[in-house]
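In what follows, subunit A forms one complex with subunit B and a second complex with subunit C.
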Partner chain A sequence: MDNLLEVKDLEVSFYTHAGEVQAVRGVNFAIKQGEVVAIVGESGCGKSVTAKSIMKLLPSSNSSYKKGSILFKGQEIIQANEREMKKIRGNEIGMIFQDPMTSLNPTSKISDQIAEGLRKHRNMSRKEALNYGIKLLEMVGIPHAAERIHHYPHEFSGGMRQRVMIAIAIACEPELLIADEPTTALDVTIQAQILKLLKQLKDDLNTAIVLITHDLGVVAELCDKVIVMYAGKVVETGNIAEIFRNPRHPYTMGLMRSIPRLDMQRDENLYSIVGTPPDLLNPPKGCAFYSRCKYAMKICKDFSPEMESLEQSQKAACWLYHPLAKSAVKTS
Partner chain B sequence: MNVVEKDMKKKTPLVEIKNLSKSFQMGGQELKAVNNISLSIQSGETVGLVGESGCGKSTLGKTVIRLNRATSGEVLFEGDNILSLPEKSMKKFRKDMQIIFQDPYASLNPRMTVEELIGEPLSIHRLITGKAKKDRIKELILQVGLKPEHLHRYPHEFSGGQRQRIGIARALALNPKFIVCDEPISALDVSIQAQVVNLLKQLQQELGLTYLFIAHDLSMVKYISDRILVMYLGNMMELADSESLSREPLHPYTQALMSAVPIPDPAIKRERIVLEGEVPSPLHPPSGCVFRTRCMHAMDICSKQVPTWKEVKESHFTACHLYN
Partner chain C sequence: MLRFAGKRLLWALVTLWAIITITFIIMHSIPGDPFAREGKMPPAVYENLTKHYHLDEPLYVQYFLYIKSLLVFDFGPSLKSSTLTVNDYIEKGFPVSLHLGIQALLLAVVLGLIFGVIAALNRNKWPDYLSMVLAIIGISVPSFILATFLINYFAVEWGLLPAATWSSWSHTILPTISLAMLPMAYIARLMRSSMLEVLNQDFMLTAKSKGLNKGFIIMKYGVRNAILPVVSVLGILAANLVTGSFVVESIFGIPGVGELFVDGIFNRDYPVILGSTIFYSMVLIFLIFIVDIAYFWIDPRIKVAGEEQ
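Presenting the complex of A and B:
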């Protein structure tokens, strides 16, 4: 099957007073139709920047695509002009943001915000768009949709606002949905409702989803594939069984071990990764995880590792898996 | 701490909360944020406090150490009711009870250096000055895993996890006995959360601290707490030691809460209880049991009568008509 989205060697930088921040430093991945892919990593690892660059939503005043390509259904996004992007955004690619409070327009009614895309991309009349909007709100589980559609964002609770955002994002039945931390701001019981809804979308509409999150529980629940990012680079990819069962990159191993397990004893210390991620104003020359890695070797300091294929679909960027490296890590 | 020691200390709880309520006035209406909470916390114990946003857990934490004025009820600290004290005599108790806040970005004054931040409580209580104070600050910064050279920097020069360490050093400065940890790790990244939780546990062992640990992340709360109190709409739903609460949650709300936590293991597939609807407004809480509007087991009696707080199993309490 052809790839719906292909990101190759993507490099994105921001220009600040302090200098150039290399937020994304060479990212590669591909997504097929109907696939749910998680991008995980800590704040500042470049996961949101990657997502926004797919939609070309980065501020042009202080950021730039330095290298690479983003192909959506064969079309080069980086070269696309604003008019072409307007045809793609909200139509073929939908996006859900983390904070539903700040990403809806507080001054206009939900009806207008849902209708915007429908009228533009689907040429619906005002009335058609309103009726279809009500249907969408019902679909995402908003009670009394016909009445609620005339309300303003502040009249909804956090969970309901997130549903409204999802309704807007899926209005034109996009083939790709980018969800940037869609449940981080929500309570667990509401998070469960939203996850159920996303699963249903994937099953009913065969929408491909890029889910950006730092919650590994959410990933295990919803996704087919995982992309682990660290300091602007992809350090490991694979399907969820591989990544959860047998993480290979030392950073992924650390992440997996630092979540408390249900069977853990209380006097046992939680595993923690010492130190903090590097500053991307001055990214390290070699492997970015070098200073925090307990398996670090001499070469890691000065040379950045390439992606090595490990299992069927699992790959990790780590010198330990170089064909000539002595097997230093015994993974369980 | 071994069993014998624990039993001995059981006689005098460090903190005893009795029928504590806190209401706020909102446009002439009364919002009951915390409703009739009773809880004893033993010295050296960690009690976890969980519930969704707006359930009153932070309000409870702040009311217990009198950062809020309680509407009614008592808080006994080593036997003294601190809620009835005049503000002046409160000062000596303030030393013993501290708080660590959720947002390490908002809770540190950006214009103060780390040295000033950690030294501030020492100056306010006029405990030590000069070299002794400098030494104490140095000791504290090492205790929380930072370095003495960090002392002359400002909060913006630190990451979230490091800032939370500064917040912890500040809370420790006065040698408190009791610390309210108000979601201390919610704003931090996963790999950093573990660092801070380990630090809190280690400090507890070294200094014999007692924690009221507020969080919404159940797996982390289960890991750090001896006992867990579950709140919903300002009311107590269930209280038990963390083992039995996670093994056998009794209240339907606790069951739903437990099952809502995504398990970081793709091999485990389970039927989860997805609660319908949302938390009702605390301005108009449902009659009877406050949870009944979202409860799958709701019966007639639930809307008519407030369920009583009952010890269903040994040291396992809940308020639910299913167990009457």
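Presenting the complex of A and C:
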């Protein structure tokens, strides 16, 4: 089956007073219909920028696509003009943002905020949009939806607002839903509810989801495929079982070890990857993880590794897996 | 809502009382008296005059007499005119000032908002610089300079518009512009910074991600939220404009309340000074009250907070 979304060699830069920040430095991935793909990585690794660039939501004043292509259903997004993008945004691709407290317009009723997209993309009348909006709110689990739809955002709690955001994002039944850290700003019990909701929506609507997160628990809960990003590049991809059972890139190994475990001793320190990610104003010539990697070799410093196919769908960008590398270290 | 209004009304009365008392005390503590400039006057006449206006009574008696008459909205007689009362002056002058003020306010709000929004949308590009240069000129050039400048060119040099007085609509144009410039500049700057803040909010990105039209996003998500801080200063600006700028009214020879006030101070005409101060305060308090009510209407978040109290 054809890919719904294909991102190839994507490079995105921001221009600041300090110079060019190469936020995304060559990202490749593809998503099929109904698939859930997680993009994980620490803050500043370019995952959010990647997500926003799919919908062309980056500020045009100080950012630019330097290279690569984003194909959505065969259409090149990077070349698309504003008119074409308006047809895609909210209609074929929906987006959920990190902070539900600030993502809704505070001076506009929920009914309006849901109806806007429906009226624009589905040509619904005011009344149809309202009724459909109520249905959507019921679908995302908001009690007394018929009454609540007339309320303002500040009358909802954080978790409820995120449900409203989801209702808005799925209103036009998009084929792709981009969720940019949808649970980060919520407390843990609410996080679980929102994840459950996303899972259920995926099953009901067969929507493909790109989930941006740094929470590996969320990934395990929901996703089919994982893309691990580091310093603007993809360092490892694979299906969820492969990545969790057998992480191959040293960075992914570190991430996995950083998850606190229930069977840990109480007085044991939590594991963390030593060091900080490189400055993307002057990205390193070689592997970006070189300075923090305990398997670092001479070659890593000056030459950037290519993605190597490992078993099945798993790939990692690390010199350890180069065909000429004598024997790869298996585990950490 | 009613409770809120009642509470505000009570506070308004307290404020008004404080203003009356303070003005009264300050005014009477300045040396000299209303008839000092009248020239030679037989002592008997002087005595009769002071007696007639109760100026010979102790200050606290004068104060209570004044408050008593105020309770029935009587601002008292003018000490300078034998026939006209302060009420007459206000009735005559206020409609003129109101007309001029409303015109200036409309001009200031409409242009101020437009300049502010355009500047914010074109941040650090020429429309932004142009609007902000205009705004800085508007804020830093005093209205009397602007007024004389406008008169010199539009009336004297080019003969396009009348230079002064108040009769036809074309007479109102120059004073309106002179009066509107400062609040317009102020609103433009306020709207620009407010709009810039709103443009960076997450919900702007949400709006864009819904595929809505740019104009719709700017109005419903941008301006609708950015206008809130502007509305909150509107009350004071409006009161300032509606009760007349003393300077602009004097320059253009407009018979409004501003001129009345200036004359009152020159003549040490106690009831006129007090009357116009109180009247000004009343308009100010009333307009701020209106703005508060308007806030209820445009910012839904305040409604809840108010009702919960």
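Heads up, the rule we're going with is that the second predicted complex is superposed on the first by the 327 of 332 C-alpha atoms of A that agree within 3 Å, B and C clash if a C-alpha of one lies under 4 Å from a C-alpha of the other, contacts with A are read in each partner's own complex, and residues count from 1 in each chain.
Following the convention adopted for this analysis, a residue touches a chain if its C-beta (ideal position, glycine included) is under 8 Å from a C-beta of that chain, and two chains touch if they have at least 3 such contacts.
Please read these numbers as outputs of a predicted model, since none were measured by experiment.
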item: Fit-or-clash call for subunit B and subunit C when the two complexes are aligned on subunit A; value: fit
item: Touching partner for A:F244 - first (subunit B), second (subunit C), both, neither; value: first
item: Partner chain(s) touched by A:S108 [first = subunit B, second = subunit C, both, neither]; value: second
item: First (subunit B), second (subunit C), both or neither touched by A:G90; value: second
item: Partner chain(s) touched by A:E116 [first = subunit B, second = subunit C, both, neither]; value: second
item: First, second, both or neither for A:S272, with subunit B first and subunit C second; value: first
item: Touching partner for A:H154 - first (subunit B), second (subunit C), both, neither; value: second
item: First (subunit B), second (subunit C), both or neither touched by A:V234; value: neither
item: Superposed model, subunit A: greater residue contact from subunit B or subunit C; value: B
item: Superposed arrangement (fit on chain A Cα atoms) - minimum subunit B/subunit C Cα distance in Å; value: 6
item: Partner subunit C, residues of subunit A touching it in the complex; value: 55, 57, 82, 85-91, 94-95, 97-99, 102-109, 116-117, 120-121, 152, 154-155, 165, 168-169
item: Complex contacts: residues of subunit C adjacent to subunit A; value: 201-203, 205-214, 216, 220-221, 224-225, 228, 298-301, 304
item: Complex interface listing, subunit B residues touching subunit A; value: 52-53, 159-162, 189-195, 197-198, 201, 216, 218-220, 222-224, 242, 246, 256-257, 259-268, 272, 274-275, 278-279
item: Residues on subunit A engaged by subunit B in the complex (per definition of touch); value: 42-43, 157-160, 187-193, 195-196, 214-221, 240-241, 244-245, 254-256, 258-260, 262, 264, 266, 269-274, 276
